[in-house]
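Just dropping this structure here.
A, B and C label the chains in the order they appear, each numbered from 1.
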Amino acid sequence: MDTFLQLTASGIALGSVYAMVALGFVLVFKSTDVLNFAHGEFLMLGSFLALTFLVEWNLNIVFAIVAIAFIVAALGVALHYGIMKPLVGQPLFSVVLVTIGIAIVIRAFLLMTYGPLERGRILALPQGQLDIGNLVIPYVDIILFLVSSAAVVIFYIFFKSTTIGLQMRAVAENLEAAAAMGVSPNKVFAVSWGIGALMAGVAGVMYGNFTAVIDLNLAAIGLRAFPAAMIGGLDSVEGAILGGLIVGVSEQLAAGYFGGDFRDVVAFGLMFVVLMVRPYGFFGTKDLIRV
Amino acid sequence: MVAVTTIGVANPVLEIENVTVQFGGLKACNDVTFRINEGELFAMIGPNGAGKTTVINAITGVYSPNPGATIDFTDSGGNRHDLLGQRPHDIVSRGIARTFQNLALFDALTVLDNLMLGRYIHSDVGVLSGGVFWGKALKDELRQREVVERIIDLLEISQYRNEAVGELSYGVRKRLELGRALAQEPHLLLLDEPMAGQNLEEKQDMVRFIADVRSELGTTMLLIEHDMGVVMSIAERIVVLNFGQMIGIGTPEEIQQNPDVVSAYLGTESGV
Amino acid sequence: MSGKYITDYREDLRLIKTTPQRIVLVVGVLATIAIPFILQIDWDPPFDYPWRAWGTALNLALAWAIGAAAFNLLLGYTGQISIAHAAFLIVGSMTGAILGQGAFGLGWSLWVILPIAAVVGAVIGVLVGLPALRVRGLYLFMATLAVHFGAILLFRKYQLATTKFNAITYPAPSIPSWLHWLPFINPDEAGEFLIKGDFRWFWVIMPITSLCIIYMVNVLRTREGRAFVAVRDNDVAAALLGINVARTKLRAFAASSAMVTVSGVLLAYFITARSDESWSIEIILDVAIMTVVGGFSTIRGGVLGAFFFFMAPLWLEWIRGWGFIDSVDWIKKNGANIDVMIFGLAIIVVLVFKPEGLAGLWADIKRYFKQWPFKY
C-alpha cells in the first residue's frame, strides 16, 4: 500500500507536467487542427534553455521561467507565420509531417549547441523532502504540482474569460462564422501556437528539475501529450488535464511494479484502448470522427 | 435465396414493400412500395427532397429502412435475395449498380482506371496474383479491358481514356459514371439524375446512351430524373414521391391524369 | 510530343512502352551492374575519394527503399496513416534473429527467412491494420504509435532474454553449396561463400529490392491497387462498386507490412547487429524524411527518398571538404548535426514549396522535355 501511495504521489507530480504539456498540445489542435509532432521538442528546448539560464548563468528561477516562456512562445508564433500559415489547405498528413520537420530542426539545433552528452538534473529548486508517515514527497514534486496547477488555472481563466480566449473558442467552434464576425483567425492561430509552445516550454523547465538526466530523449516526454490528450479527448481542455494525470499516475505505477521498460507502453497502450473503445476520449466531441 | 421460376413476361427484378427510412423524427421516405420487372425502365420522380435518393440508398444498403420493410432482388440467374441488412458491397456484387446524383468518381484516377474499378466484382485478382502480374493478372486485365473498351466506344469517351477524371467537364463525368455502372454489368441499374446539370445536347446524348444500353443489353433500370419530358418519353412506368410519400404509380399516361400528382407536382412544373 | 501509337491492350499494359523508356531502362540496368565494380576501384588523385563509403550507403538506400515505398503504398495510395510501419522493421529483425543462424536462432538460412518474414509481416500487418477499421486519419496515426512502442518493448525483452544487454548479431549468410557452380561464386578455404562486404551484399539486396518494388508497382496497377485508391478517395463510393472496404484496407496493410518486414530482415543482416537502441522512435523521423523529400504519394517517391536520405550525407560531407568550408571550425565540429538540420529544413521546404517531393520534380522535368520547346 505504501508503495502504491508513493508511486501515486510521484505520478501526480509527473502527471501535472503532462497535463500542462497536453494542454498546450490540445490548444494548438483545437484552434488550428494541427497535430503538433514537435511539441516534445518545444518541451526539450525549455529544458535545455533552463540548463543555460539556471546552471550556466545561475539566474533566478522565476526570471528564468518567464524568460524561457517568452522565448518559446515567440518561437511558436514565428512558426505559425513562417511555416504553418503558408500550409493552410494542405492535406492533413502534410501538416503533421511539417511539424516532424520542425522537430528535426530543433533537435539538430540542440545537438549543435549543447552537444550529444547528457546533462544531469537541474538543482534550482529546494531539494528537501516532506515526510508524511511512510510517504516521502520531494519538495520538487510539490513545486512541480503547484506550478503546473497555477499554469493550468491561469490558462483556464485566460481561455474562458478574456476576449482573445473567447475568440479562440469561437475559431475552434466554427472558423467561418468566427471570421465573419470579425475575428482574425490568423491572430488566434498565432496566439494558440504561442501559448501551446509556452506551456511545453515551461513544462520543460519544470521537468528538467525532476528528471534524472537531460538529453535528446526528453522529446519522448513531450510525446506523452499524445496519449494524455487522446485519453481526455483531443479537443477538450479539461480532458487534457485529466488525461495528463491519468498517464502520469499509470506510468509511475507501471514503472514501479513492472519495471521502467513499461513506461512508454503503458501510456500508449492505455491510449490505444481508449481509442478503440471510445475514440473521442472521455470529454471529446463525439462527432469528431466518423467511421 | 430460393430459386424461383416464374412463367410469363413480368419477372420481377426488384420488389420493395413498406420501405420507410427515418432520420430522427423525419421520415425521408414513408411506406414506399413498388416492383420493377425485368427489362423495364422504371422512373421515380418527385420534387427535391421527396426521398428519391433515399430509396436508392435503402436499396443499396447505405441506409437501413425501419423494421417491416421488404427489399427483394432477383438476380440474372433467377435467384431471389433479401437485401435487407446486407452490406453495400455484398448487395452490389449481386448485380446492382448505381450512379450518384453528385458524382462519386475517383478524380485522381484516369477514365480507364475508373471504368476498370467498375469491373472489380468481375475479377478475382488479389495482392498476390496482382503483384506477380505476368500470368493470371495480365490475362484478367486484358479481358476486363476489352469490356471497358466496348463501354468507352458506346459512350464515345475514347479521347479521354487516359485523362485524370478531375480534369474533365461535368457532362463527360456524368457519362463516365454511367459507364462505370455499366462496367459492373448489372442486372439492375439505378440511375440517380443522370442528366442533371447538363445542357440540352448532353441530355440528348444521355437519353440516347440509355436507349442504346436498353436495346443492346436489355438492362433493367430505375431512373430518377427531374426532366419531365425525358421521363414521360422513355419510362414505361413511373412512381411519384412527394415529401417521402408515394402519391402515384403507373404508366406515363396514368401519371399525367392522376389528380394528386398533377396538383402536387406537375401542377407546379411546366413543360409536360 | 512522343509520336507513339499503341495498337493493342497488351502493349498498353506494358510498363516500358516508348523507345526513350527502353533506352533509360537499358542504361539504368547497365549502370546498376557497373556501379559496384566502379566503387571497388582504387582511384588515383584527383578521383581518390573514399568511394567505398558509397557502397554502404547504396546498400542501405536499396534496403530502405523497400520500406519507404511500402510506407507510400499505405499512406499515399490507401490513405492509411500508420506509424506502426517502423515497428515492422523490428518485426523483421526479430524474425531474422529468431529463425536465423545467430547464437539464439533456429539456424535457418536467410534465403528461407526472407519469404517467411514476408508472410509473418503480412499476418501481423493484418492485426495492426484492425484499428484502421475503427478509427481513421490522425486517430489511426496515434493508435499505431502505440504499436510502435509495443514492438520496441518486445524487441527489448527478446534481447534481454537472449543476449542480455548486448546487441543481437546476425551472421553473414552463405550461398548454398549446390549453387557454387555459378559464375563469380568462389568459395573460401572453408568451402563457403559468405555474403560479406558491400560488394557482395549489393548483389543480394539489389535484386530483392527490385523484385519488391516491381511487386508493389504491379499490385498498384491491377485490381487491388485501384481499390486502394478508391478506398482512399471515397469509401462509400468504393463500397458501392462492390469493394469490401475493410478487407481492402487490411490487404493494403498486409502487402505493405510484408514488404517492410523484408526490408527489416535485410537491414538487420546487412548491418549485422541490431539492438533496441537501433529502432528508437527516431526511426519515424527517418521514415518521414525519406517519404516527404521523395514524395509521399508514389512508389518512385519512396525509392528516391531513401536514396536521398543515405546519399545526401555523402555529398554534404564532400562539400564540407572544400577548402574554404573546411577551414570553418564550427562546420567541422558540427558536420553530422548540420546534415540533420538540412534534412529537417528539407522536409519543411519540400512541403511548403513542392509537396510532391523529388518524384514531383522528376515528373516536372520529364514533362518539360516531352513538351520542349513549348512551355505548356
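Here is the rule we use: a contact is a pair of C-beta atoms (placed from the backbone, for glycine too) under 8 Å apart; a residue touches a chain by one contact, two chains touch by 3 or more.
Everything numeric here is computed off the predicted structure, so don't read it as measured data.
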Furthest chain, CA centroid comparison against chain B: A
Closest chain to global C-alpha mean, per-chain Cα centroids: C
Centroid distance [mean C-alpha coordinates] between chain B and chain A, Å: 52
Separation of mean Cα positions, chain C and chain A [Å, integer]: 33
Rounded Å distance between chain B and chain C, as computed from the means of their C-alpha atoms: 44
Interfacial residue positions of chain C with respect to chain B in the complex: 9-10, 12-13, 215-216, 218-219, 221-227, 229-230, 233-234, 236-237, 239-245, 251, 254-255
Chain C partner contacts - residues on chain B that touch it in the complex: 60, 62, 87-89, 92-93, 98, 100, 104-109, 113, 116-121, 123, 125-127, 130-133, 137-138, 140-142, 145-146, 149, 180, 184
Interface residues, chain A side, partner chain C - complex: 35, 83, 86-87, 90, 92-94, 96-98, 100-109, 111-112, 220, 223, 226-227, 230, 234, 261-262, 264-265, 268-269, 271-272, 275-276, 279, 289, 291
Chain C residues touching chain A - in the complex, by the definition given at the top: 75, 81, 131, 133-139, 141-143, 145-150, 152-153, 156-157, 281, 284-285, 288-289, 291-292, 296, 334, 337-338, 340-341, 343-348, 351-352, 355
